[in-house]
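Two complexes, one shared chain (subunit A), two partners (subunit B, subunit C).
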Partner chain A sequence: MTTSILAAAMVAAMAGSAYAIDVKIGILNDRSGIYADLSGEGSVLAAQMAVEDFGAADKDINVEIIAADHQNKPDVASTIARQWYDEEGVHAIFDVPTSSAALAVNEVTREKDRIFINSGAGSADLTGSQCSPNTIHWTYDTWALANGTGTAMVETGADTWFFLTADYAFGHALETDTAAVVEAAGGQVLGTVRHPFPGQDFSSYLLQAQSSGAKVIGLANAGGDTVNAIKQASEFGITQAGQSLAALLMFITDVHALGLETAQGLVLTESFYWDLNEGTREWSERFAERNGGDMPSMVHAGVYASVLHYLKAIESTQSVEAGPVMEAMKSTPTSDPLFGEGEVRADGRKIHDMYLFRVKAPDQSQGPWDYYELGYTIPAANAFRPLDQGGCDLVQ
Partner chain B sequence: MSDHTMTGRPAAQRATRPLAIPPLHLAIFAGLLAFFAVAPFFLYPVFLMKVMCFVLFACAFNLLLGYGGLLSFGHAAFFGSASYVSAHAAKVWGLSPELCVLMGSGTAALLGLVIGSLAIRRQGIYFAMVTLAFAQMVYFISLQAPFTGGEDGIQAVPRNRLFGIINLSSDMALYGFVFVIVFAGLFLIYRVIHSPFGQVLKAIRENEARSVSLGYQVNRYKLAVFVISATLAGTAGATKALVFQLASLTDVHWAMSGEVVLMALLGGMHTVFGPIVGAAIIVTMQTISPASAPGLQCCRA
Partner chain C sequence: MFEIFGIPAAALFGQLLLGLINGSFYALLSLGLAVIFGLLNIINFAHGAQYMMGAFVAWMLLSYLGINYWWALILVPLIVGAFGIVIERRMISRLYQLDHLYGLLLTFGLALIIQGLFRNQYGVSGLPYSIPPQLQGGTNLGFMFLPNYRGWVVFASLVVCFGTWFLIEKTRLGAYLRAATENPAMVGAFGINVPRLITLTYGFGVGLAALAGVLAAPIYSVNPNMGADLIIVVFAVVVIGGMGSIMGAILTGFGLGIIEGLTRVFYPEASAVVIFVIMAIVLMVKPTGLFGRAT
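Up next is the complex of A and B:
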């Protein structure tokens, strides 16, 4: 189960062991299914790079990284997490895309009093109703995506919306959150259409959205549904006709898979893009070199930054116990080249800027992975759900 | 059901006692009991509990397929709905584990009665499709119903106290609970197969028209075995929810129905103990080398 990978950083063979601190971290994610591209092996590489860049071996810290595939099934994730904590002596688990799997690992981690730093999953409940003193949610959450896309679009003048919503709890939540943000910013929701989940044929819904005359069509769905809707919208020429298509949950790997021809004009929110600034470019190029040329997703970036912050906390506390390390991670401001300066809030939410991107047209793109132009920066202070609105017990 | 058709058996059979447990089966049972009694000291208990839950699920399914000759492609409906009910009962109503499992099994039995009474009117591929259709309905209800938590599932299910006294929060205590449930279930299945009822089932499987001509009310037998199978599948699902402390859409997804067919076929569907091996192989493969077996896990939309 454990594709055991010894971090290249620990040149243990030469040093002959005898480190002051031994740390074992587990990367638990999807290595074979739909999220394998945006997390998968890339997250393991990101963690390895964090260990190397931190210079763990020089600081007398021995880091071992193990990885496993949870197949997006919460019961598999729960079994592996338990076994890692009980038998393998894992101190912290990273990544874990798929909300149901992440919530399962969240509970196991709370019970075993270890550390869970999530990068891949979207559920805002991780720092809301299900929040735990042992969990940090690093990269993004659905609230931040809805808020980012909603606010930023209205700010830039796109103030009338029409929602295409997947008809189940997740889709409804995404739509409700976004609609609230749009209306609070002075925008207007002209209508909503719900499609069955999973959906195949979106043409009638898209035509309805097109004829509504709304400036933005919000896609409150995920995965295959979003991809299908975007493909069909491109056949109808919706974005070329002047309406904006806003995907509320989408990653750069999805854009890569769709191609610019299809995805052009799409608007989405992410917390990281490789071509943002000097720091992100330098790291991403090193990453791509070791990842077969593929640029990192924001999930990979989140794993890198969170492992780095975790190791810093271990260095300062000289401990691997969950209590002191979590306290150090929350009390020390975060700083890394990918997300800049930030903090980990009392409820476990990591705070940083979010960005609204628009996907480039094929003729604007300089080459592979040159996909986004920055539309709007949502400052860290407004990017995430306010502390008192999540319903987290830790901050009541 | 009249007594005559359910329990009547020729006097000649009774004389040779074909329904007694042969020594080989006794030995296998004893071996299994011994293995699962000792194993938690060497292997990870949560993994073994998962294996046991799927062993019961696969054997319950095999009772229907291997002995009733009915290929259901919707057994995830019973497994999953029972796990939701059990998780809900433990979390929201705070019931003790044995009641949760009973409620889960009861739900599966009722669902089995409804689905079974409609599905057994068709045979072969049509039977499989009808069960699949009902299972998909259960899946979509689970996706939409407020108490199931949509795609997040029911998380953080407490294990509570057995009979209100024994604390099951340690893995070893829970292991004992699961051990008793699963082996009771397996023994029940074994007895059903080797009862006069089971003999009639085999007769129906081999030649339905002939069974009718012998005076058996074929549909009643089919319905009875369908309900028994659904109930035990539900027992497995309800127990699994307590082991993992969660109930999710994975358990009601059609891929789960497919997995249990695979377990039964891999072990050998006309055998009593085959599905045990099949279930153990599949669960072990899922856990030990998830990355290298992409064909076995299935696509979540």
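Up next is the complex of A and C:
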């Protein structure tokens, strides 16, 4: 018995890999903290599904997926990324929520000349001042969120704002981008308070927002922070007293955690919703079946679509080198059932439609995960920051 | 309206009250820790996980069995306390002869395991738990809108804190307990079952954590990390108050809640560290804590 296993191992070792191309991709995200439900294990599942749907094995491509928890800390993220590139031979890193961690991985990837396709993080600096020839930003960014939700709120006459901002790269970026939208539309920012990340009790900040008299309280935070802030705003009678909340980044997992009773009526911007069309429904139902019944977030969808596009580029170039693969990804239009047709711009920004959703009231919902009604579609051409305004030196 | 340091007085009163509300959680949690440390000499790092369990068990009672908040207030401390008793009997009691460090490591490990199990089962986004209908709505105090539920939290916390203090410092049972920690052999010789007394004390401390968890469930998101975020702060509160001092834990709990609340007005970015800065200063000036006695 032992000898036969040994012999088999020898044969395998001598033959090397049975495939023409070996690819190793790393899913680096939050697997235990406040962003674990919207990214976490679900992103690994999404990547696996992409590999299966692409039919990698039939195309003589062997894909190995590894995953790790960066705990939302930039130092942990860059250490893992470095180790993956240097010792594990990882060719590309996907997902990476938490902007500060994403910016760290962005730097390491540039230095090691590999590929980084971000789905989970928000900071638009990834394709702006910090843009890199090795990075693609797939799912959404702070500029697109501000443009979607900010514009929609200002159009309803909500022209005075107070920001409640998570005190790190993402919160600052989201606040800056939204303030720009508000001011461009003739609105006014009355004040800002920056809370430690992650937070627990927001009542103190909410009271400051209330006494500012602003018509809108802009929540420039995410995940559990947004959930707690919305819950407490309703508890302290802030929404009932006439001020409205703008959840500038909200995922479907957050709405699920809040419950429709508290979340109803909120306006939010996302690039994906499972019940959008036939393609998204079909994929999401397959995803949910393997994810304990929970529907995918837009971050999961982004990981799926980006892995798919990455594998197509590998197939067409027959290479895993960063240079040719990045070039192929930028020159080939993207096409997948979740985001439709799109492109990767020269600065690394992935372009697709964004959607403005309104959260349904409990009596409009058919059951769990039936949460959004589509307000309107923001067409791809207007959804993201124009190429010449980001300050990216790749397009100067 | 007059102003204090550029902040309208009304806003400042509101913030003081909010600080008091947060302080009630600090006080309740640090009280349990102080009871366990003062009487058992165990540094109970699982306290945050037990607080989280309190919130989760309340949620389970409501969602699976339809048992409401008021019953949960009574049942949850009993259920989680009983869990604590099993842990004490099967595991912690083996460590009384050893250095404190072993108890700390054991309970820290338990906390990670418990949190991991809940995370695996329920995810991290949190579960909704509504405020009981009797306590919904709020009262306009003129300077702020006080949700009735938050008022109830302060009241309940004060009653439990001072009740516990009275029980331990002023009753015969409390006297037995304190004597049993001073000299267990002597107290045992008087016919008192010391190990049982100690086990019940641990169960009581855990029950206090669970009670805080039930009180927190309607206002914070019920999620597996809720205790981990809080426990470090609560330890700092206990250290500032003086390890093992019951009254110290209560007063510093409320006091630091207020100081933290004020930091959120004047310099919100520092609100996560202000308690640790105070801890460092107190340790330098009075290493036994504000209310601790040198041993």
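In the analysis below, the second predicted complex is superposed on the first by the 296 of 396 C-alpha atoms of A that agree within 3 Å, B and C clash if a C-alpha of one lies under 4 Å from a C-alpha of the other, contacts with A are read in each partner's own complex, and residues count from 1 in each chain.
Note that contacts are C-beta pairs under 8 Å (C-beta built on N, C-alpha and C of every residue); 3 or more make two chains touch, one makes a residue touch a chain.
On a predicted model such as this, the values are computed, not experimentally measured, just so you know.
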{"item": "Subunit B versus subunit C as contact partner of A:S123, first or second or both or neither", "value": "first"}
{"item": "Touching partner for A:D75 - first (subunit B), second (subunit C), both, neither", "value": "first"}
{"item": "Which superposed partner A:F236 touches (first subunit B, second subunit C, both, neither)", "value": "second"}
{"item": "First, second, both or neither for A:N228, with subunit B first and subunit C second", "value": "second"}
{"item": "Partner chain in contact with A:P198 - subunit B first, subunit C second, else both or neither", "value": "both"}
{"item": "First, second, both or neither for A:S32, with subunit B first and subunit C second", "value": "both"}
{"item": "Which superposed partner A:L258 touches (first subunit B, second subunit C, both, neither)", "value": "second"}
{"item": "Where subunit A meets both subunit C and subunit B, residue numbers", "value": "32-34, 167, 198, 223-224"}
{"item": "Parts of subunit A lying in touch with subunit C, wherever the complex brings them together", "value": "32-34, 36-38, 40, 167, 193-196, 198, 200-201, 203-205, 207-208, 211, 223-224, 227-228, 231-232, 235-237, 241, 253-254, 256-259, 261-262, 294"}
{"item": "Sites on subunit A touched by subunit B in the complex", "value": "1, 3, 31-34, 68-76, 78-80, 82-83, 86-87, 99-100, 103-104, 106-107, 123, 125, 130, 167-170, 197-198, 223-225"}
{"item": "In the complex, subunit C residues that touch subunit A", "value": "8, 10-11, 14-15, 18-19, 21-22, 119, 123-128, 130-131, 138, 144-145, 147, 149-150, 219-221, 223, 225-226, 229-230, 261, 264-265, 268-269, 271-272"}
{"item": "Partner subunit A, residues of subunit B touching it in the complex", "value": "44, 46-47, 50, 143-144, 149-153, 155-156, 171, 240, 244-246, 248-251, 286-291, 294, 297, 299-301"}
